[in-house]
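Order of writing sets the chain letters: A, B, C and D. Residues in each chain are counted from 1.
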Amino acid sequence: SEDDAKLTTGGEFTSIVVVGATGDLSHRKIFPALFSLFVEKHFPKNYAVVGYARSSMTLDQFKEKSCKRLACRAKAGAACESDREDFVKNIHYFSGQYDSLASFQALDNFLAELERGFSPVATHNRLFYFSIPPSVFLATARGIAHAAMARTGWTRVIIEKPFGKDSESSLELSTGLARLFPEEAIYRIDHYLGKEVVQNLMVLRFANLIFEPLWNRQSVASVTITFKEELGVEGRGGYFDEYGIIRDVMQNHLLQIMALIAMEPPVSLDAEDVRDEKVKVLRSCLPIRNDDLVVGQYVGDGTAQRPGYREDATVPKDSITPTYAAAVVRVNNRRWEGVPFFLVCGKAMDARLAEIRIQFQQVPGFLFRDTPGGMNIARNELVIRVQPDEAIFMSVVNKVPGLKTRLESKELDLEYKARFSAADIPDAYERLILDVLHGDKSLFIRSDELEAAWDIFTPALHHLEKHHVRPHPYVWGSRGPAEADALAARHNVRPTGASAARL
Amino acid sequence: SEDDAKLTTGGEFTSIVVVGATGDLSHRKIFPALFSLFVEKHFPKNYAVVGYARSSMTLDQFKEKSCKRLACRAKAGAACESDREDFVKNIHYFSGQYDSLASFQALDNFLAELERGFSPVATHNRLFYFSIPPSVFLATARGIAHAAMARTGWTRVIIEKPFGKDSESSLELSTGLARLFPEEAIYRIDHYLGKEVVQNLMVLRFANLIFEPLWNRQSVASVTITFKEELGVEGRGGYFDEYGIIRDVMQNHLLQIMALIAMEPPVSLDAEDVRDEKVKVLRSCLPIRNDDLVVGQYVGDGTAQRPGYREDATVPKDSITPTYAAAVVRVNNRRWEGVPFFLVCGKAMDARLAEIRIQFQQVPGFLFRDTPGGMNIARNELVIRVQPDEAIFMSVVNKVPGLKTRLESKELDLEYKARFSAADIPDAYERLILDVLHGDKSLFIRSDELEAAWDIFTPALHHLEKHHVRPHPYVWGSRGPAEADALAARHNVRPTGASAARL
Amino acid sequence: SEDDAKLTTGGEFTSIVVVGATGDLSHRKIFPALFSLFVEKHFPKNYAVVGYARSSMTLDQFKEKSCKRLACRAKAGAACESDREDFVKNIHYFSGQYDSLASFQALDNFLAELERGFSPVATHNRLFYFSIPPSVFLATARGIAHAAMARTGWTRVIIEKPFGKDSESSLELSTGLARLFPEEAIYRIDHYLGKEVVQNLMVLRFANLIFEPLWNRQSVASVTITFKEELGVEGRGGYFDEYGIIRDVMQNHLLQIMALIAMEPPVSLDAEDVRDEKVKVLRSCLPIRNDDLVVGQYVGDGTAQRPGYREDATVPKDSITPTYAAAVVRVNNRRWEGVPFFLVCGKAMDARLAEIRIQFQQVPGFLFRDTPGGMNIARNELVIRVQPDEAIFMSVVNKVPGLKTRLESKELDLEYKARFSAADIPDAYERLILDVLHGDKSLFIRSDELEAAWDIFTPALHHLEKHHVRPHPYVWGSRGPAEADALAARHNVRPTGASAARL
Amino acid sequence: SEDDAKLTTGGEFTSIVVVGATGDLSHRKIFPALFSLFVEKHFPKNYAVVGYARSSMTLDQFKEKSCKRLACRAKAGAACESDREDFVKNIHYFSGQYDSLASFQALDNFLAELERGFSPVATHNRLFYFSIPPSVFLATARGIAHAAMARTGWTRVIIEKPFGKDSESSLELSTGLARLFPEEAIYRIDHYLGKEVVQNLMVLRFANLIFEPLWNRQSVASVTITFKEELGVEGRGGYFDEYGIIRDVMQNHLLQIMALIAMEPPVSLDAEDVRDEKVKVLRSCLPIRNDDLVVGQYVGDGTAQRPGYREDATVPKDSITPTYAAAVVRVNNRRWEGVPFFLVCGKAMDARLAEIRIQFQQVPGFLFRDTPGGMNIARNELVIRVQPDEAIFMSVVNKVPGLKTRLESKELDLEYKARFSAADIPDAYERLILDVLHGDKSLFIRSDELEAAWDIFTPALHHLEKHHVRPHPYVWGSRGPAEADALAARHNVRPTGASAARL
């Protein structure tokens, strides 16, 4: 694109400042993604990558730490190594406080010098990636806004969840940011939206004729969006215990994916048009009812390796924070009224799995009632899997070849699995950072979207907290509490066939 | 089933008489199918297989001829050989004329003796398979009806196309047969209906929720049913020249398949209910318009191996018999009005191919107009392939993984290909003969169906013949005459992607 | 039509024999209908109307009795009187037994003489209208079949319900008739099918584009077919007590109307095509479940004029015959699965009413929840009323004009009411007899249809009788037993708005 | 509502300033609407109505002029007269220039005095109604913005078309206003949106289940929106000749109505949600193609009373300004692609008519082909008429009662006609002014909506002007130029039945 051209060949200089650069996310995801864009030639031609953190350390120490995971998706050893050397040359480190204006003034000078070093008259852009705890969000934002804004090019800030803890605190954060930056400068990231299959959702829905006639309450029985981890908190319970699984996963990742599934066709693929539709469908959702929500908390399985949540040293002994939740979201519009959107997420479960499962209704007036296999035949399902591998498949009923009529349901691969190697599929962070560089906001969350998302969950969250609702215990490595199955059954979500094990 | 039980274990004795047993069809298809049913234990326990033909030959000569192609689909050598020996024991040969009552009286005695040999008091069924030219159909039928009917069990006759040459002659044949046998004794075979994928059509349509909302004029742009052979007449032009490709292939095989695609859901899977719906949809078809029909005749490609049709020794030099035809059938009902059913068949063409191609409409209000690959992206298609291999696939548009949005259309295997070995898939004749043994008529053509089928083609056929319409020449090994492409284009049938080469 | 032409101008002579001519139906309905056809010039040009009954009476006595209700729909006094005189001239009376072959031989002679009197060489048709009790049906049929068939033209017999009492007895009657007459000679009348609005059902459904997209389980919540009478048995309980309301009204009139509502579009308007579809949909119906059936029996309201059913002199004191029934029929096909067809009929109720009420679903994602009148607004309904007047109307929600948004639901007249005078609307019997004269069987019940209809009700009827189920009492003049309301509620049939009073 | 309560009973004082108060619109529409709201008790309790214009005149002269048309819709003489006296008491007149800051400062003083007179501490709102030529729009706006804004309450301005002459000039005006007022203070009026039936459109579409399944390209063949006047310019050609019929009527009134017909269901009935959807559908419209536009100009009919457009004294002799236009708008989205929206408007035509005519497709597989009246039967239509009377009707095909099957199509009144008296139906201006008082913007045009609307018409307008396209002549009192019929025919818009005369 034009933008691309300007960034990669033109006379611009872009500083990418990773605030909180010594943290886990930084070296695990952000630096590898930056390097990958560099290797794939999607990176600014003229740039500086600046690590910013509180620790004092030498540049070499910082490079050692932050660059240890740099790898090439599709290039062989030597070529990759050569790229790595080139990339690392332009990495810098700057130590400063998050709540100190003076620190940001110093950073500004540091950046200005780099910019002048390139060219005093070029356009100088600055991108700040917030890889920091929520408690210092606003302070950092203030520092940048008051002392470190780009003088000639754009300034953009990337922030990640948590965006508050409920409608009120989220609004407070949004208002605080809005006083410092215009909305178009703020990129609220949800890295799930950067996944290839999530991207493909738009293509599947809107570039194929065959799905739209099925995409409604007449054909769909339920939509289940699942995110399960095999790991527990394992010594990192501090942050988690404050937020819990609903705020950590459900209210953002799962709801964002749900919005993409449920939204109306946008008027165009422009970022604002897509986001308009996402907001619309979120606003059509009713707040979660208390009886549509099941929360759980894992207990140990008796082994030392898998202790219960409250046995973790970083977790209060009387914690009632949910590590598992299952909720039914009701979309109260013409397309979806009556179709349960069943959101499920949990830690310390039986599998690592993230997927969307659209279960279609049973065929009315089913002709094969009396055919062997007929009555128990699974319903058609369309499954978009994000983890452990990205895949899209559809279950279709066929006749088993042979002289008898016998039915079977098979999950048929629509895409990806076995067709593309890992090398072909960029990491979610790559795509998202690239989009920020290009100013494309399709995959980022707008403030009104955030507000609508919180409105769905805030009453239920307040209810849990006000009434000290105890989560249902479930054993580490299990499918979660049985109450969730009862909730699913009440909403006619059928764990048939392969999904029985997975739900 | 109960029937099955009675036949395979019970006290019945069944004679299977292949009339015209020395012909090509007989040893190529019928005997192998009988043997296969025997191997698979779907055969009557007590039976005789009787070859009937004019030639004088010894039983050994006959066995030599008719059994040379017997093979086991799924059994290894020795086991198969042992089955073969068992099967061959009960083969008999009887020489007689087709138009001689005396011959059939003699056959009756011969059969009666075999039956008595089994048990004088058992039920004795007789199945007659007509593997004979149309000219002796009625004479043979008369012979059987007057002299060789089963005395205690059922008598059934299997007949194959041609069922007349137009509405009038077909009616004459039907009336003639109706005077001799009740409708329920007559099995008009169309072996295409015995193909596995054709069988699966019913399952796909009616056991899946996802196809019905698409199965109509709102979603389908066109349906193309193609049957192409690479071979010409090659010295067997006598019969063919009299009938031509429309009568030989289009009016029966293609139209039968079309009826299964286009029919309404039947009230049940019972044979009569399915046939009722097939008749209904055929009656909804308008007669082919002259300008909706393109006929062709192949000419040589300049080599000695591939002479033109009229250069074949068995073909009149001035023949105007079509070896290729393309026609648009219009189904004038609520579901299909405006959707062209494009039937194409030919000899001496570029490929051996039999398939059904349902082409869906372009996405209205297409959002990806400006996306690379967007405007030329193929429409969704559902393809049911019968030859060279049986397969069902669907083309779906996906995003190519990567940082850019790029669309591609892939044909995705819904079934069969690479999932089942040839051993799993019974030959069409197996299924059909088994159905006759069980008295299941789902896959056979009823007389009113035949009448409706002829009504669609008779006016066009009469037009061709009355006006001595010259077929368009096309070179052996080509895609057929260009005029057919023009016809397709006029009806918005798009040869996109893979189908471009195939159409 | 051609037929019409032949009958009214041609060289044919038609005898119309009313068997049981002294009965109530005969002078109340049959003779007036014959006369009306005569006045409207839809009558055979050459004809004799022959009354046949057991009573000895003079021709004048007979004319006096049978012609007292002759009236002209659209003609003024003198012209009508003149027509009447003409018509009456060709009325004859013949006294005979129903079970005596000799009587029918005598009738044959009598008819032959009339026929010869017209012309010895013309075509002579004979139409027999059975206006007799079921006990003499078969005897009469035998008499006609063996002794009084037309020699040169057609013979047709019209029979009216009851056609048996359950599947078995109905089959027995059908088989008995089939031995005597070919199916095409038998006209099983259901006079409800002759009503104008019932006729119009076909036009509404199939000549308008706008109803078909609504005519299915996606849009329709329920279909209620109601037939209520204000009268009780009033001294004529003999026949009724043997049959009960289910056999008298529900299994025939209501089910026939239901079939027209629920059937698929026929391939053409030909009688057999329409009847094929009716049979199909009846075969898709599941047998009535015992818990889907409520039966009632009226008790007196305390006045002498309105005694209870069992207080009627003609009714056994311990009768458990239902005088009211409400049943849910489930149509188990693609279009209707899950939509209750609620059939209601009763005697001694609060109104005289026959109507079909198609209740549409509530708008999903209803936007007007908070608008005054919004939540309680009635659902859309399409109502086809047969009695007390013929009318079709649709309820539509509109904004009440004014500065506020306020919703109201109005029943809007689609047809008939106030547009046509009674003179325009022929009696059902006129149409049906005319159709018999023309050999048009669209509105008559085929034997397989009858069989399918009985299959729906027989198990429930046998259950009632085997277990001596006591009907729920309801007071003369009431809406029927409250249990029926509970049944309706269980199936989401909503008595909103005007229908609340009517249900 | 709450707002209502505050305005009518509370402590607020509202000044309504009609700028351009001596003009035609003012005394014909604005003052009567204000009075009507006063009578109906929808008016602010404490208010001043201030006329502002350039002319010097006494208050009595002004009252005489502006109040001469005040009438009560639903009140009898004396009561009305008493209301009128009350209302007139609070009318004031203030003379000033439109482009003079000093004038507006003086007005501010005048208003402040009135406000203080009520209460120095109350909330004081000011509403400015721009009833002035476009040339002084911005000057007036500047005057108000700089000198006459409300100090404690809200300030709102109502402006009416023309909003520019094309995309560029409209943008200029929008930008100019945006510098002076926030978007929420600007009410762009399109009085067509205030019509009762237009209001009812939302109710019809979204409060009834039965229309949505029909509201799409599968069912709708075309939508025609017509606005025809019987009058020519009649001496008022100055303004008109500069703008022409496309800018005067089509680009605003017709397009606004089209947007309400074509838009997707909004997420709620809130003003912004409705306007979001209107903008979306306008953005989905392709710019009018030159060959999809027919323009005409009327010529005299030979009488002195009806001179040609260019014979009008106020019109240039060589004017090529269209007085008639017919255009096809293409909505390029999933719902509507392929459905022509045919907009027609003209002066000096055969009738005064404003209506929306949704023409449904022909029934596919039409069964009544051979029925008398079958083939020529009109398609179903839904007609919403705005002028000469407000009405909604649907054409439905019925069987004509009688013994023959004969079809007829009738237009059936769904609403209004004959049900409500004129007294019930408020004038469009009443509703709109009331909405401004309440701050409800549903019926007003947002700036992005305006932009989208201009984008549809600007290329065609520029084409007409750049190439001096001569409009087709048509005679005063005719149906417009024949070329428009050809355009309609090309797009399959059928002038059947009643619409033939009307189109």
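The rule is short, and it goes like this: contacts are C-beta pairs under 8 Å (C-beta built on N, C-alpha and C of every residue); 3 or more make two chains touch, one makes a residue touch a chain.
This structure is a prediction, so every number in the text was calculated from the model and none was measured.
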Steps needed, at minimum, to go from subunit A to subunit D via contacts: 1
B-C compared against A-C, more contacting pairs: A-C
Whole-Å separation of chain centres (CA-atom averages), subunit A against subunit B: 54
Mean-CA-position distance for subunit C and subunit A (Å): 65
Chain centre separation in whole Å, for subunit C relative to subunit B (CA means): 47
Residues of subunit C whose C-beta touches two or more other chains: 212, 218, 265, 268, 284, 333-334, 363, 365
In the complex, subunit B residues that touch subunit A: 40, 42, 196, 199-200, 202-204, 206-210, 212-214, 218-219, 265-266, 268-269, 360-363, 365-368, 371, 374, 377, 379-380, 392, 394, 396-399, 401-403, 405, 407, 410, 412-416, 420, 424-426, 430-431, 434
Sites on subunit A touched by subunit C in the complex: 217-218, 284, 332-338, 363-365
Subunit B-facing residues of subunit C, complex: 212, 264-265, 267-268, 273, 276, 280-281, 283-284, 333-334
